[in-house]
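The structures considered in this document are given below.
The two complexes that follow have chain A in common; it is paired with chain B in the first and with chain C in the second.
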Partner chain A sequence: MNVRFDFIMHWLWAIVWALLALSGFGMVGAKHGWLVNFNYATADFVHRLSAAVFVVLTFVSIAYEVFRNIKKDTKNLAWFVIGRSGYQLFTFITTLILIITGALIWICSEFNMSAVGFALLIHEYISYIALASVIWHIYKKCHALLSLKKPEAKLQKG
Partner chain B sequence: MFDKKKLNFWRLAFIFTGFTLLVLVYLWNSPQEPKSKMMGESMGNMMKQMHVTNMTIYDLLTSEREKQASMSEMHSHHQNQSPIIFKLNFLTTSIIFLLLPFIIGGAIILAIVWIKIV
Partner chain C sequence: MLQKTWVKIFIWFMAIFFFFLASGVVISVLRPGPSENEAMSFMMGMMSAMDSSMMGVAMNIEHDNALQAVIALSASIALPVMVLSVAAGIGIRLWQRRDRNV
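The block that comes next holds the complex of A and B.
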């Protein structure tokens, strides 16, 4: 079985992103608490743990892309999460903003609430934009899974 | 007309709608109206009202010493209450803050390389 690196990264990213979105939107305010059964402590714990995995995945993706550029590899990685154009670039920018503001919220809550407030505001609004874009992305790209099924069907017939 | 290629999307949307309805039915008796005006706000908006309004650049860059003291007190309390969670918090914090400079550095390198290619 030939499983591509970009395909694995895509779905690992999707799982971690879904965990972050569920726990994060659950904590946004009392109105959305039903998402996490009003258990904010668990949501906070899941969000922080997933954030660490998300940072590792981002680091691996960036390192891989830098390595590809050094080796002058111009092969198109259709499933890869970051890239220099289109939705890959959008994901790259929103991810950087979310990670940096998330880190500010994480560390500044110890000594500077103004910075936390500023970072939290950006973190929240970027999350809304990212969520809307993910729904659009799933709608636009859902046919990609159909094209994965076709070769298997052909093999079975053969 | 209905696009057959988008069938997977509508299936997913249907499943998520089902999940949402199930959770809302499960929480039927939970309070639907926020108890106070503040609780109806999102966390970002709450923070905006409490800390970001009238904020200066000086406020962004200076630390609150009193807050720091009370936080260290809280940390020692948490450490005694749940050591596993405290260790996990230390591990995740270390991962994030060790990798962050590399992520920012890598992003700057990629931005330069991508701009050159274009």
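The block that comes next holds the complex of A and C.
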């Protein structure tokens, strides 16, 4: 079986992002609590644990892209999560914003509440935009959901 | 890979998950409320998160000198590392452009 690095990264990213989104949106407020059955302790734990994995995946992706750049590898990685243009660039920018604001929320909650408030606001609204963009991304890539017809079947029909 | 049945099922599952999640978020934002019960559950949930989760661990940083030192070190090297990485990125771009022109 031919398993590609970008394919694996894409779906690892998707799984971690799904966990982050579910646990994160559940903690937004009392109106959202039903998403996690008001179990904030578990949601908080899952969110922080997934965030650590998310940062590692981001770091690996950036390192791989830099390595490709240095090696002058211009091959298009269709499944890769970050890149120079289009949705890959959008993902890269939103990811950096989410990581930086997330780190601010995590670290500054001890001593700077205004920084936490500002970071929470940005973190929440970027998450809404990112979730909407995921729906758009699925719509654009819906061909992956369609069953691929085998060439023999086409030939037999013809 | 995309022709494997389990990969197809997985992709379908992920797509459906995100559609349900987006629907849940839209419902949460647009619905009326929160009710008094929900507000109480939210407060109780946050309190339990303080006691039993990593948030509780984070609250104990004040008493952990080693952890404080690590955080202070991370905070102090964060900015130089960011500046260095941006400089490295610009350097690689310029280096590639110079090579392309030759």
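Everything below uses one rule, namely that the second predicted complex is superposed on the first by the 144 of 158 C-alpha atoms of A that agree within 3 Å, B and C clash if a C-alpha of one lies under 4 Å from a C-alpha of the other, contacts with A are read in each partner's own complex, and residues count from 1 in each chain.
One rule holds in what follows: contacts are C-beta pairs under 8 Å (C-beta built on N, C-alpha and C of every residue); 3 or more make two chains touch, one makes a residue touch a chain.
Values in this document were obtained by computation on a predicted structure and should not be read as measured data.
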Partner chain in contact with A:A51 - chain B first, chain C second, else both or neither: first
Partner chain(s) touched by A:F5 [first = chain B, second = chain C, both, neither]: neither
Partner chain(s) touched by A:L35 [first = chain B, second = chain C, both, neither]: both
Touching partner for A:L121 - first (chain B), second (chain C), both, neither: first
Chain B versus chain C as contact partner of A:F67, first or second or both or neither: neither
Touching partner for A:W136 - first (chain B), second (chain C), both, neither: neither
Which of chain B and chain C A:F59 touches, first, second, both or neither: first
Touching partner for A:M113 - first (chain B), second (chain C), both, neither: first
Chain A positions touched by chain B in one structure and by chain C in the second: 28-32, 34-35, 38, 45, 48-49, 66, 69, 106-107, 109-110, 138, 145
Contact set on chain A toward chain B in their complex: 27-32, 34-35, 37-38, 45, 48-49, 51-52, 55-56, 58-59, 62-63, 65-66, 69, 82, 84, 92, 96, 99-100, 103, 106-107, 109-118, 120-121, 123-125, 138-139, 142-143, 145-146
Chain A-facing residues of chain C, complex: 1-4, 8, 10-12, 14-15, 17-19, 21-22, 24-25, 28-29, 31, 33-34, 38-39, 41-42, 44-46, 48-49, 51-55, 58-59, 61-62, 71, 75, 89, 92, 96, 99
Chain A-touching residues of chain B, taken from the complex the two chains share: 5-9, 12, 23-24, 27, 30, 34, 39-48, 50-52, 55, 59-60, 62-65, 67-68, 71, 85, 88-89, 91-93, 95-97, 99-100, 102-104, 106-107, 109-110, 113-114, 117-118
Touching residues on chain A, where the partner in the complex is chain C: 1-4, 7, 11, 14-15, 18, 21-22, 25, 28-35, 38-45, 48-49, 66, 69-70, 72, 106-107, 109-110, 128, 131-132, 134-135, 138, 144-145, 147-148
